[in-house]
Amino acid sequence: MKEISELLAISHLNKSYDGNVVLIDLSLVVHKGEVVVLIGPSGCGKSTLLRCMNGLEPIQSGEIRLDGVPITDGKTRWSLIRQKIGMVFQSYDLFYHLTVLENLLLGPLHVQGRKRQEVTAAAEKLLERVGLLDKRNAYPRQLSGGQKQRVAIIRALMMEPELMLFDEVTAALDPEMVREVLDVILELARGGMTMVIVTHEMQFARAIADRIVFIDGGEIVESGAPDGFFTSPKTERAQRFLNIFKFEEIKQEEKKEVLL
Amino acid sequence: MQDSGLQILFQGSNLLRLFGGLGVTLALSLVSVALSIVLGVPLGIVMTLKNPVTRTLTRVYLEIIRIMPQLVLLFLVYFGLAKAFQIHLSGEVSAVIVFVLWGTAEMGDLVRGALISIPRHQFESGAALGMTNLMIYRLVIIPQTLRRLLPLAINLTTRMIKTTSLVVLIGVVEMLKVGQQIIDANRYASPSGAFWIYGVVFFLYFIVCYPVSKVARKLESHWQA
Amino acid sequence: MDWAFITKYAQMYLTAAGLTLRLAALGTLLSILLGLACSLILYYRLPVLRQLVSGYIELSRNTPLLVQLFFLYFGLPKLGLVLSAENCAIIGLTFLGGSYMAEAFRSGLSSVEPGQIEAGQSIGLRRGQIIRLIVLPQALSVSIPALCANTIFLIKETSVFSAVALADLMFVAKDLIGLYYKTDEALLLLVSAYLIILLPVSALAAWLERRLRYAGFGASNPLSGQ
């Protein structure tokens, strides 16, 4: 049902930061229409990997190809590539000095040179899809975290990207707002958008992913279909990681035994 | 031309006289700064009081002193007071009066700013630990106030040193005046003396002020935590 | 108080005030341009230029304007470089003001969060566009209070121009005191002239600052879950 063309191909990526090796000989292929979720312990390099994909982090060796075209050979105009790859950050980073609508229009108008009328119509349509049309003239400071994040998502969508990157976008949100953001991302996935998502929300990952990639210590340790991964992880490191999310009930009998 | 110019610096006691002028500059500044601190700290404390009368009075004082160029204030004291009260004030005394008035106002504002910048919960944390008010002030508030104050106070000192250059215009014999005298005396012997003399004066101000402002910045970053 | 004298000579003060304002305006404008250039050089850490700018700033902030003027007006001619009194005044004021404006811009530039720049990059904006559309507007709103304060400071600094024989306010006052001994009147006119210039500028600056504080983008800490 899904096309098997490779949209993003990462081969033998190596990245160090300040002398510390962060990513080791990493290879990953993302197919068109696929949703890949990266999970792993803190500091494992998953966010760094994401940021390498749109050039926010430089790499030491290896290659990334977008649609078959290498984008890490030093000749790339990143400003062009980044129109095709959209990114949403944990800290939303909406432009403070602009209204919601202006935030959405900035990219299309100045980077893509589109006409204001066409772009405004597109922006308002997207705002309506996420239920924020009435906030179009508000400033970021007047929105809640969940609202800001939803605007950040459609700001990236306004550029009509082929690939969307999500970097722990719900990590800074209060629990009530996490759901509204995840619903937007789920809807995008249903619409066929190719996505790479870094997240801690395990149930969400299980629901949305076509493929789970577990990263630890800068390498891909395990990858596979979500159901398989979550019910019976193959590697010991993956098992240990998933155990972090299980809490044992403190049974009364056990407590008594300890005290005695 | 180069030769006869540079030589002016090494002739006779020229350099020594310039340093003498520097001494006058420094003496004026340091006396004024010292008095400003002594008067400014109580003023600053007064400025934090909630009394509307003191608030307005101190505010007006601060704004008037600040809005006038220092040279105008010097003129007012040197020419104006002399006429008004029929007393002759020397340039030096006028300068000290003006600088102390200015310095006290600035110092007071700095102290006020430092005091109100200490967050409320510093008091509360101290109280929660069982400290008396006196202890809180001594162990928590005053050390923090000093840390915020000192770099700014040093900055004020640098500004004062630079401003003392103005007193040459009301006849005080400080560095620039001494420089002028040397140049005039050597008008024929060293025609290009002005370049070297004023160059040296420029340089002397720099080597006095630069280390001081560096120290202030070091303190500020050291205490940033 | 000799009011006849005051009305007779108020005109002189007016002309002098005009000169002061003209020189102050020019000096301030050039200072802002110089300061902006310097702060951008420091922000982008351009080699060589960066050290030059740092050296310039230290030199300018640690020496008084009067000494700079003396050097320019009396000293340079000995090297064959003769500048008019007005040019010396403008150069001196710009030399002094540039470093203060640079500091104002610097604090504005450093207040822009890196996340804003990354967000701009991730929608494909080029470096020049990012500076123009995101960094500068945000930096300016933080810098403007300091820029205003510096402007007022520069206007006050112009009072030393009389030392290089410019017919500014101080010059006129000193002249009248010397010639006619009408100290009170001359001083009254002097103080009034400066108040008339500085009070409106001061009020304008305060208003601008209040306006900006309300428009303040209120960048709340995203990690507080707001």
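Per-chain residue numbering starts at 1, and chain names A, B and C are given in the order in which the chains are listed.
Quick note on the criterion: contacts are C-beta pairs under 8 Å (C-beta built on N, C-alpha and C of every residue); 3 or more make two chains touch, one makes a residue touch a chain.
Quick caveat, the model's predicted, so the values are computed rather than measured.
Using the contact threshold fixed earlier, the set of chains in contact with both chain A and chain C is empty.
Each chain gets a centre from its C-alpha atoms; the one nearest the centre of all protein C-alpha atoms is C. Each chain gets a centre from the mean of its Cα atoms; for chain A and chain C, those two points are 47 Å apart.
If you average the CA atoms of chain B and of chain C, the two centres end up 20 Å from each other.
Per-chain CA centroids place chain A at a distance of 57 Å from chain B. Of all the residues in chain C, the ones that touch chain A in their complex are 113, 115-116, 118-126, 129, 133-134, 137-138, 141, 217-220, 222-223, 225-226. Those residues of chain A whose C-beta lies close enough to touch chain C in the complex are 54, 56, 78-83, 85-87, 89-97, 106-107, 110-112, 139-141, 144-145, 148, 152, 155-156, 158-159, 172-174. Touching chain C in their complex are the following residues of chain B: 1, 5, 67-72, 75-76, 79-80, 82-84, 158, 162-163, 165-166, 168-169, 176, 179, 183, 191-199, 201-202, 205-206, 209-210, 213. Chain C makes touch with chain B in their complex at residues 58-59, 61-64, 66-68, 70-71, 74-79, 156-160, 162-163, 170, 173-174, 177, 183-184, 187, 190-191, 194-195, 198-199, 202.
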